[in-house]
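Single-structure report; data block below.
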Amino acid sequence: MSFLLSEIASRLGGEIVGDGDIRIDQVATLSSAGPNHVAFLASGKYRHQLDETSAGAVILGKRDRESTQKPRIVSDNPYVYFARVSQLLNPAPVVEPGIHPNAVIGEGAKIHPSASIGPFCTIGAHAVIGEGCVIQSSCNIGERVVLGSRARIYPGVSIYADCIIGNDCIFHSGVVIGSDGFGIAMDQGQWVKIPQIGRVVIGNDVEIGANTTVDRGALDDTVIMDGAKIDNQVQIAHNVVIGKHTAIAGCTGIAGSAKIGNYCKIGGSGMILGHLSIADHVDISAGTMITKSIEESGAYTSIYPFAPHREWLKNSVHLRHLNGLAGRVGQLEKHLEDLEREKS
Amino acid sequence: MSFLLSEIASRLGGEIVGDGDIRIDQVATLSSAGPNHVAFLASGKYRHQLDETSAGAVILGKRDRESTQKPRIVSDNPYVYFARVSQLLNPAPVVEPGIHPNAVIGEGAKIHPSASIGPFCTIGAHAVIGEGCVIQSSCNIGERVVLGSRARIYPGVSIYADCIIGNDCIFHSGVVIGSDGFGIAMDQGQWVKIPQIGRVVIGNDVEIGANTTVDRGALDDTVIMDGAKIDNQVQIAHNVVIGKHTAIAGCTGIAGSAKIGNYCKIGGSGMILGHLSIADHVDISAGTMITKSIEESGAYTSIYPFAPHREWLKNSVHLRHLNGLAGRVGQLEKHLEDLEREKS
Amino acid sequence: MSFLLSEIASRLGGEIVGDGDIRIDQVATLSSAGPNHVAFLASGKYRHQLDETSAGAVILGKRDRESTQKPRIVSDNPYVYFARVSQLLNPAPVVEPGIHPNAVIGEGAKIHPSASIGPFCTIGAHAVIGEGCVIQSSCNIGERVVLGSRARIYPGVSIYADCIIGNDCIFHSGVVIGSDGFGIAMDQGQWVKIPQIGRVVIGNDVEIGANTTVDRGALDDTVIMDGAKIDNQVQIAHNVVIGKHTAIAGCTGIAGSAKIGNYCKIGGSGMILGHLSIADHVDISAGTMITKSIEESGAYTSIYPFAPHREWLKNSVHLRHLNGLAGRVGQLEKHLEDLEREKS
């Protein structure tokens, strides 16, 4: 698979500067690119690499138009442009349609003839698998699950019964969709299980990373809206709602019934407590715990700064006495005020 | 599956107020219930929804007895009552006993004739699978594993050799029981692996959430006692002991040899360091890290409060100088004291 | 499997004190050992258990040589010695070579005749499986994957296409290697997926714990070097480099393009942000978030200390006003200075 630089620009737009007849067969970073590669400059931080790159061509922004003499494509958003070029050069592998002979298909399941079902898959009774879906090996699709068109499901994914998935979704290995939420009630020294009878309902164009888990709703559904992107090892509890085009980085936990707005960006290893709401366009830093609702868009953080262990020891001990310290400062202020008053 | 409201009360107790002949086929929230649903009011926060609910009947506590005119069941603990009604209306699906013809069963394995073994399962040699167990597809049960009665094992669970599981346990997809603990010893620049020869021993009525991992003991066993409830993506390291009826929310890590008491509640995304003990009836807030033993029951917390990023920047910088700040306050106090002394 | 104490010493070194003819069939802790067990004392903390142990023999360090009258082996590093004895007494189970008849083997895959491929495995086209590999049930090995000699792969592991794994690696159940990194670019309200075309390249003697995920590189590779040891539920993002003999405890997240040095020890439930470098021999405490590069070896920490919830409430509220508090202290200092100046 390869394209002339000019062919790329005629498909994806952007201005060609220099020789458009150079043949490109892959994207690469500035530092590792070779003569048949197109590299990209999306951040000023890497501008110094322009001089030394062996890339055949470069994608860059308008203000970097003259930063190199190489053949180049100038684009408003060179990072997005690079993404589109990479999609062009790296299409998903073509998969033969068909159901592997050892797959176990439940009664009444409807599998589109263009779909591919890998070995060791189980497709539950009355499940619906849409056009062009690719379900790789060892996946377990529960009864009555509806999977929209063109899903790409990697090996070892489990989707529990009754969940509904839109079109163009990608689920990576180890994803679990629709497991029971953590619903228990204490009754005289015993936890009583609350049956989790809601579903997981996922929109279109949602990607979910490896080993991420999404619990089904307790009564109503857990919902992930169109265009949401979720990284690896994220835990999404029952009745959570994730808004459109919200991105959640790895290892984050979203507790039960939290409602996350649209276009939020949530850093990794954080946590969002349950039963709260996050507005649209909220950015949450990595490692941050959100303990109450956020009504205004903006950036929010709760990182305790790291330090060499010895310094940390000396400083952190005061956190246990911060109320006392604040009280002492108040006393000092009062004391000084008294002194002033006496003087006058 | 449906019951008259009066039939529910005659099975589960509680006082019926109003028409007991209404037919109920499902539980629901106040806001989404329909005329054949029973909703519940467990928290005053939702009382305003009573007026607008379309529920056919409501479960509520004694002090809310007259908060609605709908047919209702008055119970001491409406949340537990709702759980029991939901269990009544949503029994586990009936599963045909039997071993799927493609399952691979090891030599000497004993599988109770009432158990169900799904497709693509492997049952190791000399494993014992108890009465009424349901092992769904693609599960891997190791050699000599003992699984008590009525286990419900969702697709894609792995249990390593020699682990012992009690009765009435539920393991969700992706659970791994008995993987090696993280036991390594540094020898002249190389890590030497310490064989992990203990087991995991799990009591009765334990539920374990999706993608949770429980490592086997290094020498002695890792133990999870009766009635413990563990959410998704929890990591339980080697030689941990989890007490009876302790509940652990998602994404929490319990490090090696920690001993957690009975009836503890551990919030999500937290961590408990190794080789320490937590007393019974300890509540640990979400996102909290426990760094030493806790000998008294009660609630414990270590959350760094989040704030808008700009405010956080201004405040957090002082954490690196807290020792200095405390010293300056001490100096000021001394200084003022000196001034006082001079004056008198 | 059993050895005379003297046989152990002749294989592994160390000085025998007392009866070398005692027969040892297992290792155990001091508190649970029986007469055919060898226990070990690696930390002074457990010295009091020496008097009461029923162990047949003990491994201990030079300064504890006379702390017991039992038959004993004196070693410079009793913990490493114990690890080696345990390896001797607990060799990996012998596995019959061969490919399970139901495994699905892709075209052109090369599987060494001494390797064992379990039931329900898929081996992709042109994959290479080395000498003595043991791949247990339900593993999915992608196309063109190269797996070195003597790998031990537990049930339910997925390795995506094109990844390269060295010799003597151990991957536990639920491990995912080579899933797509979290690469997305925002284009006019839509996330555009950036194809992840790098690989994961893993060196020799790397152990990876249950449900850990390692994403493939976006353009260049994600790299884990020789001898690295990674615990359960660790998330390693795209283009991360983990140095030689670095150990990472459970539930830790390493964000994209972070470079971790050799011989680092990273505690559990922590996080390392992306695009930064950690020097060799850095120890990072559990629960610590690293937000910028670390250039000097040493120990680093960012733990917020836990406290009883009520104390925490009283103290933590001041964190939101720390800048104000510091300002007030500055004002007080200035004020006192002014007073002093007036006096003189």
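General observations
Each chain gets a letter, A, B and C, in the order it is written, and its residues are counted from 1.
Throughout what follows, contacts are C-beta pairs under 8 Å (C-beta built on N, C-alpha and C of every residue); 3 or more make two chains touch, one makes a residue touch a chain.
Quick caveat: nothing in here was measured; it's all calculated off a predicted structure.
If you take subunit B and subunit C together, the chains in touch with both are A.
Judged by shared residue numbers over all numbers used at their interface, subunit A and subunit B contact each other through mostly different positions, with under half in common. The centroid of the Cα atoms in subunit A and the matching centroid in subunit B are 25 Å apart.
For subunit A, residues that reach two or more other chains under the stated contact definition are 102, 120, 138, 156, 174, 211, 233, 251, 303-305, 307, 316-317, 319, 321, 325, 329, 332, 336, 339. Those residues of subunit B whose C-beta lies close enough to touch subunit C in the complex are 102, 104, 120, 122, 138, 140, 156, 158, 160, 174, 176, 179-180, 182-187, 189-195, 197, 211, 213, 215, 219-220, 233, 235, 237, 251, 253, 255, 270-271, 273, 283, 285, 288-291, 298-305, 307, 311, 314-319, 321, 325, 328-329, 332, 335-336, 339. Looking at the complex, you find that subunit A touches subunit C at residues 26-29, 32, 77, 79-80, 82-84, 86-87, 89-90, 100, 102, 118-120, 136-138, 154-156, 170, 172-174, 205, 207, 209-211, 227, 229, 231-233, 245, 247, 249-251, 263, 268-269, 286-287, 303-310, 312-313, 316-317, 319-323, 325-326, 329, 332-333, 336, 339.
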